[in-house]
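Structure incoming, see below.
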Amino acid sequence: MSTTTAAEKLLLQMVDDYTQKEIAPQDMPMDAAGDFPAGFMEKLTATGFLGLMLPQEFGGAGFGPEITATVLNHIARGNASTAVTLEGHFKTIDQLLKYGTPALQQQLLPTATDRIFAFSMTEASGGSNPMSISSTATREGNHWVLNGDKIMITNGGLAEVYCVLVKTAPTELSVFVVDQDMPGFSFGKREDFIGLRGTPVGEIVMDHIVVDDDHLLGNLGDGGLIGDSAHDDARVLMGAVLTGIMEHELKIATDYAKERKAGDQPLTALQVTQRKVADMAIRKETTKLLYQQAAHLKALGQPYSELAAMAKAHGSRAAVSAGDDALQILAGYGYSREYPVEHLIRDARALEIAEGTVEKMRSAIALAEFNH
Amino acid sequence: MKIIVCLKQVPETNNVTIDPITHNLDRRGLAGVMNPFDKHAIELALSLKDTADTDVTITLLTMGPDDYADSLHEGLAMGADEGVLLSDRAFAGADTLATGYVLAQAIKKIGNADLILFGRQAVDADTGQVGPIVAEFLHQPQITYAANLRLSGPNEVTAERLLEDTKQTLVAQLPAVVSVRSELNTPRYPTPRQIQLSFAKPLTVWHHDDLELDDQRLGQAGSPTIVTKVYAPAPVKRELTPLTGTPREAASQLITALKDRQLI
Amino acid sequence: MSQPELWVISERRLAHIEPTTQQLITKAKSIAGTTFKVVTILLEAPTDHLEDELTPYAPDEIRIARDERFPTATDAEQADALAQLVAAYHPNTILFGATITGRSIAPRLQAKLQTGLTADCLDLRFDDDTLVATKPSYGDNIMCEIICPDRRPQMASVRPNTFVAHPATGTPTLTAVTVTFHPVERLQITATTPVVNTATTVSDASRVIALGRGAASETTITTATQLAEKLGGRIGVSRPLTDQERFTHDDQIGQSGNTIHPELILNFGISGAVQYLVGMQTAQTIVAVNADEHAPIFDVADYGYVGDAPAFMTALLEQFN
C-alpha cells in the first residue's frame, strides 16, 4: 500500500471532522425520513466533495483511487447513504474520463463539482442481462435519438447528468450521456427501498432525446465493456463503504459491551461477546484489505476487476453478518429502531444486490479463476 | 489590508495521561491538530476577506516544532494566503511571555499588519494570555473575547465583547489585536481541492537568526514560570446521601437538600 | 523591613464588585499568614464607593485610585494604571479573578512587568515567599503546579467560585493613591449593556440535567426539558443518546464529549461508565437516579436514588411546579 501524503492526511482529517459534525448526526433521521435532509447535499457540494477524484484541470481536487476509496470508508462510518451517493457519482466520472471524447469531457466535467452524475443500466425487463434491455438510440440525420425507460438508478432524480446503456442495433449495446435539461428528458418514480434510505434510487424516461455524436461514450458497441468498467469502479468503492458500515457496527457493539454488565460480569468479559466481536473485526479487516488492494491495483493501472468483485461479494455479506452480531450483543436495544444497528443491516443488505448481485459476482470471480 | 492570524497546534484530544514513573505528561502517539478556537479567528479573517472592498491578505503565524506546519497547511487549505512557522531549538520550553515575545518580533518583521487575530485560548494550556501579551509588546489596543467584529470604516473595526453579564461595544482604530469567541462564527471546512492547492502556497520557516531577538527573552531562559509538578486530579471523594421511599418522597428530600446547598 | 504585599485586584461588575474579588480576599488572607500584608487594589470613579463592598472581607488595606474614566477604561488603560502602582509599591504577589476582564488585563500587566502569570488557578499556597499556583490543563484532565521563582511580582488569576468568600473581622486601612490616567484614544468602549447570561452549550451551563439510556423516551426528554427550564440549566447526554436525532456530539458529556464543571448535575438513567464519569466528576453537587443499585454513578454521587428515573423526574417536576 502506498503511504499517505500530507495532503491526504489533511483530507482525512477534514473528512473525519465533517463526518462527525455534519453527516453522522443525520444517519438516523435519514433512515426515518427516507431522504437526505434539506440542505444536506448542498453543504456536501459546497464543501467540494463532488470534485474529490475529478482531475484538477476540470476544477476538481484530483485525489487518486486509493484515497478516494478511503474517504468513502470514513464517511460510511457516519452514514452509508452519503458514501453510496458519492460512489455513484465517482464511478460515472470515471467512465467519462475513460471513454468520453475530449470535447465531451471539457463540456461536462467542469460541472461535476456542482452536479451529480449517474450511470444507468437497469430496465424493467431485467438488470443482470443487458441484452434484454429495450432502450434504443437510433440514427436520425447527424444525431442520435434516444428512447426508453431506465429504473433503479443510484441517485436517480438527484443526479443531473446520466450515462445510459441503450441498444444501437439489436445486438449492439452502447452508452450515451444525457442531461436533465435536454428536451424529452423526465424523471419517473423513486423507489421505496428498505436500506440506504438517504440515497435516492429512481427512474428516468427518455422520450425522443436528441444528442450529438460526441455524447457517445467510447465506440458503438462498447456498452458491455463500459458497463463492466462502471461495475468495477463502483465495487471498489462499495468495499470501502461496507468497511465503514462494519466499523460503525463494531463501534456500537464494543461501546455497548464496555458499558454493560450481565450479572456481575461486564459483557466484555464474556466469551460469547468476545467471539462475536472478534468475528466482526476479522470480517471488517478482510473487506478493508480487499478494497484497498483493488484500489491499489487501479492506481497502478493493473487489472482490478476480480478483486473489486471480491471486495463487494465478501464485504456485503460480512457487513450483514457483523450487523447481526452487533444486534445480538445489544439484544433488545439492537432490535429497537431507536438504535442504528437494525438499519445498518438493511443498508448493508442493499450492497448484496446493487452493482451486480453476489451470485453474479461469484460467477465472475470463478470465471476469472478458471482463466488464470 | 493585512491580517495576521496567530495559531497553535495542540494534541488532538485532551485525554492525556501521566507517566507513572517519570510523572511527566505522556503525549506519545497523540497527533497534533490546529487549536479548534483558532479556526474561528481564521474564519473571521476569511469572512473579512470575502466581504471587504479592499484586497485582504491573510498570513498565518505559529511558533513550534516543524510538524506545526500541519496546522498552517490546514489554515491555508481553509483559504489563508501564506504561512510563517517560527521554529528553532532556542524557542523551545517557552511559557506565554517568551512565546508572546517571539510572536511580537515576528509580527514586526512581517510588518504593516492591520489586524492581529487570536483564538480565545488554546485548549491544552487554557491560558488565553498570548494575545494580550503580544498586544502589549506591540503597544496596540486589544479586544479580547470578541463575539462579533466588522469593518466600520476604512481603518476601523467595531466589535462586541461579552463579559460575564454585560456586553461591551468597542470601536478600535487599526492596527489592533483581537481574540475571538467561538460563538462568533462557524469555521468553514477546507475543500478537497483547496487542500491540494494549499501545498503550492508560500510557507516560510523563520529560525532564530531570521528575527531580531534578545536571547535572554527566549525559550526556557526567557520564561519566568516553571512547572514543578504535574498530576492527574484525584477523584473527589463524596459521601453518598441516599434518597429513599417513593419517587415523590425521594424528590422531596432532594429539593430540601438542594435548598440547603443554596442551589435552588 | 516592611511586610511583602499580596495584592488582590478588584474588579467591577456594573455598579458592584465582581464576587470573585471577595473570594480572593478571603483566600489571600488564609494563605498570607503573618508574612504578607493583603492589599486590595481598587480603581474607581470619584463618586464610587465600591470599597464598601470590600471592607466586610477585611483585607489589611484597600488602596484606591480614582478617576472618572476608570469605569469605562479599556484593558490597556487599566493595565497601565496598575503598572504605575506596582512601580510605586513593589508587591510580591498579584492576584486577579480569572474572569474575562481579569484574564484580559493580567497578561498585559504581566508583559509590562516581564514576569510570570499563571492563569485560571484552582488553588494557591505559599512556599516561603514563592506562590505555588495549581492550574488545570488539557480540559481539567491534568493539574500543574506552577511557580515563578526569580521574578517579582508573581501573578496568578483564579477561576471564579473556586473559593468561598467569608466576611471577616478587622477594619482595613483605606488609602487613596494617585495614578496618571493615560488614555488610549484608538480604542473606545462605546456602550456597556447588561445581558442575561444564557448558557448555549452544556459545557457552559451551571446546572445540567444528564440523560442516559434509562431516561431516553420521548416523554422523559420532555420532562427533562421542563426540569432544565425550572433550574435554568441545559440537557446533556451520555454517549448512547447521541445516536438520537435531537442530540449531537456537542450535547455529550464524557471523555469523548464535553468535560463539564457545573454547580449541579442531575444524572437520570446513567449507569456511569468511566468515560462518562471523567467528564462530570468535578461537578460541585452530583445527584444520581438509576434503577441499578450497583451502577458506578452512585460512587461519585452526593445524593442517590435507586429506582425508576422517569418516575422520579415526574415527581421532581411536580414539586417544582
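Observations on the model:
For reference, chains read A, B and C in written order, and residue numbers begin at 1 within each chain.
Everything that follows uses one rule, which is that contacts are C-beta pairs under 8 Å (C-beta built on N, C-alpha and C of every residue); 3 or more make two chains touch, one makes a residue touch a chain.
Each chain and its UniProt protein: A = Butyryl-CoA dehydrogenase; B = Electron transfer flavoprotein small subunit; C = Electron transfer flavoprotein FAD-binding domain protein.
Note that the structure is predicted; figures quoted are calculated from it, not measured.
With chains reduced to the mean position of their C-alpha atoms, the one farthest from chain B is A. Set against one another, A-C and B-C show the most C-beta pairs in contact at B-C.
Chain closest to the overall centre, judged by the mean of its C-alpha atoms against the mean of all protein C-alpha atoms: B.
Centroid to centroid, with C-alpha atoms defining each point, chain A (Butyryl-CoA dehydrogenase) and chain B lie 40 Å apart.
Chain A (Butyryl-CoA dehydrogenase) and chain C have Cα centroids lying 51 Å from one another.
Rounded to a whole number, the gap between the C-alpha centres of chain B and chain C is 20 angstrom.
The set of chain A (Butyryl-CoA dehydrogenase) residues touching two or more other chains is empty.
Among all residues of chain C, none touch two or more other chains. Interface residues of chain A (Butyryl-CoA dehydrogenase), counted against chain C in their complex, comprise 20-21, 25, 27-29, 32, 255-256, 258-259, 261, 333, 338-340. Partner chain C is touched in their complex by these residues of chain B: 11, 14-16, 18, 25, 95-97, 100, 123-133, 135-137, 141-145, 161-173, 176, 183, 223-233, 235-236, 238-244, 246-248, 250-255, 257-258, 261, 263-264.
Contacts from chain A (Butyryl-CoA dehydrogenase) toward chain B in the complex involve residues 6-7, 9-11, 13-14, 17-18, 47-49, 51-52, 56, 59-63, 113. Chain C contributes residues 213, 216, 239-240, 243-245, 248-249, 271, 273, 275, 294 to its touches with chain A (Butyryl-CoA dehydrogenase) in the complex. By the touch rule above, chain C contacts chain B in their complex via residues 13-14, 18, 74-76, 79, 99-101, 103-108, 110-112, 114-120, 132, 135-151, 154, 160, 184-197, 200, 207, 231, 255, 259, 263-264, 277, 281-282, 285-287, 298-308, 311-312, 314-316, 318-320.
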